[in-house]
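Below you'll find a set of structures to go through.
Below, chain A partners chain B and then partners chain C, in two separate complexes.
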Partner chain A sequence: MAETLAYIQRKSLIHDLTGATKFLFFIMWSIAAMITYDTRILLALFVIGIFLFYISKLKWKEVRFALIFMFVLMGFNMIGVYIFGPEQGVEIYGTRHELFVIAGPYAVTLEQLFYMFNFLMKYLSVIPIALLFIMATNPSEFASSLNKIGVSYRIGYAVALALRYIPDIQRDYHNISKAQQARGIDLSRKDKFFDRLKNSAAILFPLVLSSLQGIEVISNAMELRGFGKNKKRTWIVERKFKKEDYRALAFGAILLVISIIVTFSDGNRFYNPFL
Partner chain B sequence: MEEKFISFQDYTFQYRAQSEPTLKHINLDIKKGERIVIIGPSGSGKSTIAHSLNGLIPFSYPGESMGSLTIGGKEVKTLSIFELSQYVGTVLQDTDGQFIGMTVLEDIAFSMENNCVPQDEMIRKTREEAVKVQILEKLDASPHQLSGGQKQRVSLAGILVNNVPVLLFDEPLANLDPYAGKKSMELIDQIQKETDTTVILIEHRLEDALHMGADRIILMEEGEIVADEPPSVLFASEKLKEAGIREPLYITALKYGGCKLEPSMKLEKIQDLFLEEEQKKQMRQWFSYRKKEKKEEEKPVILSVEDISFGYTEEKENLSHISFTVKEGEMISIVGKNGAGKSTMAKILCGFEKLEKGEIFIKGRDIKGDTIKERARQIGYVMQNPNQMISKPMVYEEVAMGLLVQKKPEEEIKKRVEEKLKICGLYSFRNWPISALSYGQKKRVTIASILVQEPDILILDEPTAGQDFRHYTEIMDFLKSLNEKGITVLMITHDMHLILEYTNRSLVFADGKLLADTTPSTLFGNPELIKKASLKETSLYELAKQCKLDGKEFIEWFIEYDKEVRRKWPKPLHTSNENL
Partner chain C sequence: MKTQLSIKSIVAIGIGSALFFVLGRFVAIPSPIPNTTINIQYAVLGVLGVLFGPIVGFLTGLIGHVLIDLSWGSPWWSWIVGSGVFGFIVGIVSKKIDMEAGVFGSKEIALFNGFQIAAHIGAWGMIAPGLDILIYSEPVVKAFTQGIAAAIMNGVSTAVIGTVLLIGYAKTKVGTGSLKKEN
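On to the complex of A and B.
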């Protein structure tokens, strides 16, 4: 089967952390990356992110598909950013170093390139950590640790089940789409946009229907085995917070604080090399 | 031992959405430690009995009940579904769907987690039950690393942790291959002996279910109990046949042979069957009527597969060096364990997966370069679950969809769709919503929607999985009629009856290799091949051995005779009025 974006069991420092640690770390990391346009911070986050990905023992092959997908999206995003604001960079940095003109209002400036580079770095610094969170966190253990930090176990379990069913749904989607293509439903770019939209309904309809059926079975199975009986429940995969968890959280918090301080110390979210 | 643990007294149940009760005045007592098999055609109310016992009625399926149902002396109406789950542990039909945990460990522990059992104790108890169901070495495995039989054992362990007095199995064989099913029944037998639990098993594959040994069979029809007897007594009568249930094959064979059946012959299991010398003689007499001549017409080759190898990943080959040919008008079964490569083979033929090594020819033309769409005009693929194929609300729309997107002229679409609807016996339903159709009818809608592309070859994935005898016959007779109209049919299946009764050739896959390409009767006469294909021996073979007859020829004769007898049966009403 095609590579899927789901938990892969492995032994590593990252895998050993509890789900809640990874979740909180991911949140702090994302905030740190979101608030800043400071190139130095973004570069640092990017390098640390790659390093963490490396020590998690996840393989490039396992995320290739997801990465390609994200790069394509990012590419479109970049094009959009340029089309709708070719002078955005000039506005932000206050100088204008024009390289060449494409056509009409569309000139390429050093400032715009630098702005877009920063924009790209925001994505690139979050992606490794997001992948880590999805692929190195056991969904059930995540649910148990959410429960421990006060989230209802019903919600935690719903999240875990959703994560667990991603591969199943991907597989069903694959099979249904192939079977529908055999009936002449074309999803390639040859068809008009409107036809394509209509055709994708031909895949979604059966996909939703068979998923609903699956939900009925699983909810019956859960009820028959006492899910929802008590206000609390225990977890066989539960893990205690260890030294490493506190260290990881402290590390995340420090990064966030540094990011905030550096970003806002000079009253500007942007690092300006042009002045 | 003698106390009645479960007791239905004048129990009637009506689902909220139904206009009539599904269970009518049921009276049934079940003792502690008894083994009960409940059997009956689809819609006879057997699942409703199961749901009444485990509490899904009324918690998931609301409705109204009258009369009384007690378990362990307690009136079920007064218990919650959680309290009931301390009495009745249920293993559902869907081996995948009921797997809740991420891993075997979590799934077995699930109900203990909900009961707030401390972690240490859970781990200890989980390991203990895992040993009992022989799954200990797989504790960390996720569901997709397990076979159907293993998943079912995990579900069983998951209810055993509660020490429930009643084990309820809702069609446990429907999703298993015959070999796994046999192992499953042996495990239930063993666990019942060790724990003295009450076992209630709902099945329509009676012969396979009885492998565990049963004290009583409850035969249901239209919401009522029509027989409540030990297997031997029931088999000596004609009640199963009258209810449209398939008898065990050896029983049918003995009846064809003219043997008078008595409960004293130990009819419940072929292994225990006791035949007098006189009766064996009768069987040999019957066998001697068989016709020897057999002429196979030589038909042109329609599909030829030459030295195909394929792997989803580079490390592992899922198919290696497969070659076979199919002649026009054949009806072939593709058999083997899950993961043996059957479905992969089908997907490659239809172009769903890209072929890298090997050649495929249809009518002598290399189709390697054809797209999925182009292939579909030659090979149609029907998925196992019709709900995964249906994407329009109305019958006509669904069947026409493929042609509509190809922008064929309206006149042509109408002509082709109506023609196929007639072939599939669905013409009178053309303006019906699909949701109002039965499973078998939905299946035919999906077949019709493939047939409009006018393929020469039809590949079906498990066409009869989970169907009772009546629907099985309905679907298979329909496929047979398509076959007689000239369409070549390939079926991926575990169903031994289907293989024996409807196919003239079997392709046996194991570990990505084509192990055998032979006739079904040869396959079932070869114990080693049976094991590798994950099938089980047919009781006919055993019966032939007991009567000192050639197994393979006996099977062939039985199939031929059986076809002849069944041809003379009047067509049931439900199929004839659909062709109006």
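On to the complex of A and C.
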């Protein structure tokens, strides 16, 4: 089974921040990276992100497999972008500096290279902060964090339930699939495509039924304990904001504002070195 | 009056997201196209939508997909929103199909598939590529080609698996009028 990114407990400045802070920071960071296409901002975000990752004391080898996976994915994405839009960069930047022609409509232009570099940076600039959020936030703290930033505690609780039941459902899936395979139900390439789909239903059916039963049991238990009676609730894992949290949030907000101002100072979201 | 999510909906979102995550993250069924796999999680999301309605469908898709993306490393928000939209649209059909009645005949099959196809087209043919173009300035043709390919693949898997699951589920319910008076 493939490796999964998960929380790693460590002592660092980043780990000491509350989950709510890291979540908000991550959201602000994502918004900044989504809005801008300005190369200077993207590079700045990337460098700051790497620096924050360094402070967090997480190790390169702990995220290597995830990075490799993301690079492969991004590689395919970039190839797709080039195949379907070889002149996208020219369209965006308005000039055309042709380097050489590969074949037919596929020319390599400086504009296209620059556009694809920005496209890549837009993705890369979020990765360090996303990794921090995933690996330096205690999942038990996540529900209370959502609640703290204004999301209804009911939704926070739903997320907590999801995190709690992932291992159970994974185990159920494993057991059911082994049992069905023993009965000759095959999901691999050896079977025909539509048979494979139908076979997967044979595994999913018991899984879905047992999950629905689980929903019944859990919601009854919660009902009995009076869940949802009050407007507020307390959490087992909840921390008060400290000075560092306010500083981190202020830093995130300032970054977001600066990135928006710089991005739109010249009228559009692209930084154009060709003019 | 502000409508609150019922306890059952909250639990359905929680368990549903966990189910969506496990199927989307660890279960890979090879498709006819090399190196691509079938997303069977949308079939299950469709079933949950029919059973619990649009709000549960939306939040389950959203939370489940965020969890999947975070476990790989970095979220791709436009497609996450797509999963939410799919759950929402397919959930609307819950008002027309009463699963508790234990009937899932050809009328219900047609309704479910009509809605799930519309939902896939809305999510992957419109919302996700639209956001890709807006956020990432992707080439229009690329974004829509990718989206429509995803809509077709997910549509086929939801049609086959989702329908089989719902027919099976209906059989577990005791319908009204299933008892007959003996002479």
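Everything that follows uses one rule, which is that the second predicted complex is superposed on the first by the 190 of 275 C-alpha atoms of A that agree within 3 Å, B and C clash if a C-alpha of one lies under 4 Å from a C-alpha of the other, contacts with A are read in each partner's own complex, and residues count from 1 in each chain.
One rule holds for everything that comes next: a contact is a pair of C-beta atoms (placed from the backbone, for glycine too) under 8 Å apart; a residue touches a chain by one contact, two chains touch by 3 or more.
No experiment lies behind these values; they were computed from the predicted model shown.
Undergrad: With both complexes overlaid on chain A, does A:M222 touch chain B (first), chain C (second), both or neither?
TA: The answer is both, since A:M222 touches chain B and chain C.
Undergrad: Is A:P273 touching anything from chain B or chain C once the two structures are fitted on A? First, second, both or neither.
TA: neither
Undergrad: Which holds for A:I127: it touches chain B only (first), chain C only (second), both, or neither?
TA: A:I127 sits against chain C, while chain B stays out of touch.
Undergrad: Look at A:S211 in the shared chain and tell me whether it touches chain B only, chain C only, both, or neither; answer first, second, both or neither.
TA: The second partner, chain C, only.
Undergrad: A:A201 contacts which: chain B (first), chain C (second), both, neither?
TA: Touch partners of A:A201: chain B and chain C.
Undergrad: Chain B or chain C: which reaches more residues on chain A?
TA: Residues of chain A touched, chain B against chain C: more for C.
Undergrad: Touch test for A:I166: chain B only (first), chain C only (second), both, or neither?
TA: A:I166: touches chain C, not chain B.
Undergrad: Going by the contact rule set out at the top, does A:S30 touch chain B (first), chain C (second), both, or neither?
TA: In the superposition, A:S30 touches chain C alone.
Undergrad: Mind sorting out which residues of chain A both chain B and chain C touch, each in its own complex?
TA: 1, 160-161, 164, 201, 205, 207, 209, 214, 218-219, 222-223, 227-228
Undergrad: Okay, in this complex, where on chain B does chain A touch?
TA: 54-56, 59-60, 81-82, 85, 90, 92, 94, 97-102, 105-106, 109-119, 122-123, 126, 140, 142, 144, 158-159, 312, 347, 350-352, 372-373, 375-376, 380-381, 383, 385, 387-392, 401-403, 405-406, 449-450, 453
Undergrad: Write out the stretch or stretches of chain A touching chain C in their complex.
TA: By the definition above, chain A touches chain C via 1-2, 4-5, 30, 34, 37, 63, 66-67, 69-70, 73, 80-81, 83-85, 88, 92, 115, 119, 122-123, 126-127, 130-131, 133-134, 152, 154-155, 157-166, 168-170, 173, 187-189, 193-194, 196-198, 200-201, 204-205, 207-209, 211-212, 214-215, 218-219, 222-223, 227-228.
Undergrad: Going by the contact rule at the top, pick out the chain C residues touching chain A in the complex.
TA: Of all residues in chain C, those touching chain A are 4-5, 7-8, 10-19, 21-23, 25-27, 29-32, 38, 40, 43-44, 47, 51, 59, 63-64, 67, 70-75, 77, 135-142, 145-146, 156-157, 160-161, 164-165, 168-169, 172.
Undergrad: Spell out the part of chain A that touches chain B in their complex, as residue ranges.
TA: Touch residues, chain A against chain B: 1, 7, 9, 138-140, 160-161, 164, 167, 172, 175-176, 178-186, 195, 199, 201-203, 205-207, 209-210, 213-214, 217-230, 232-238.
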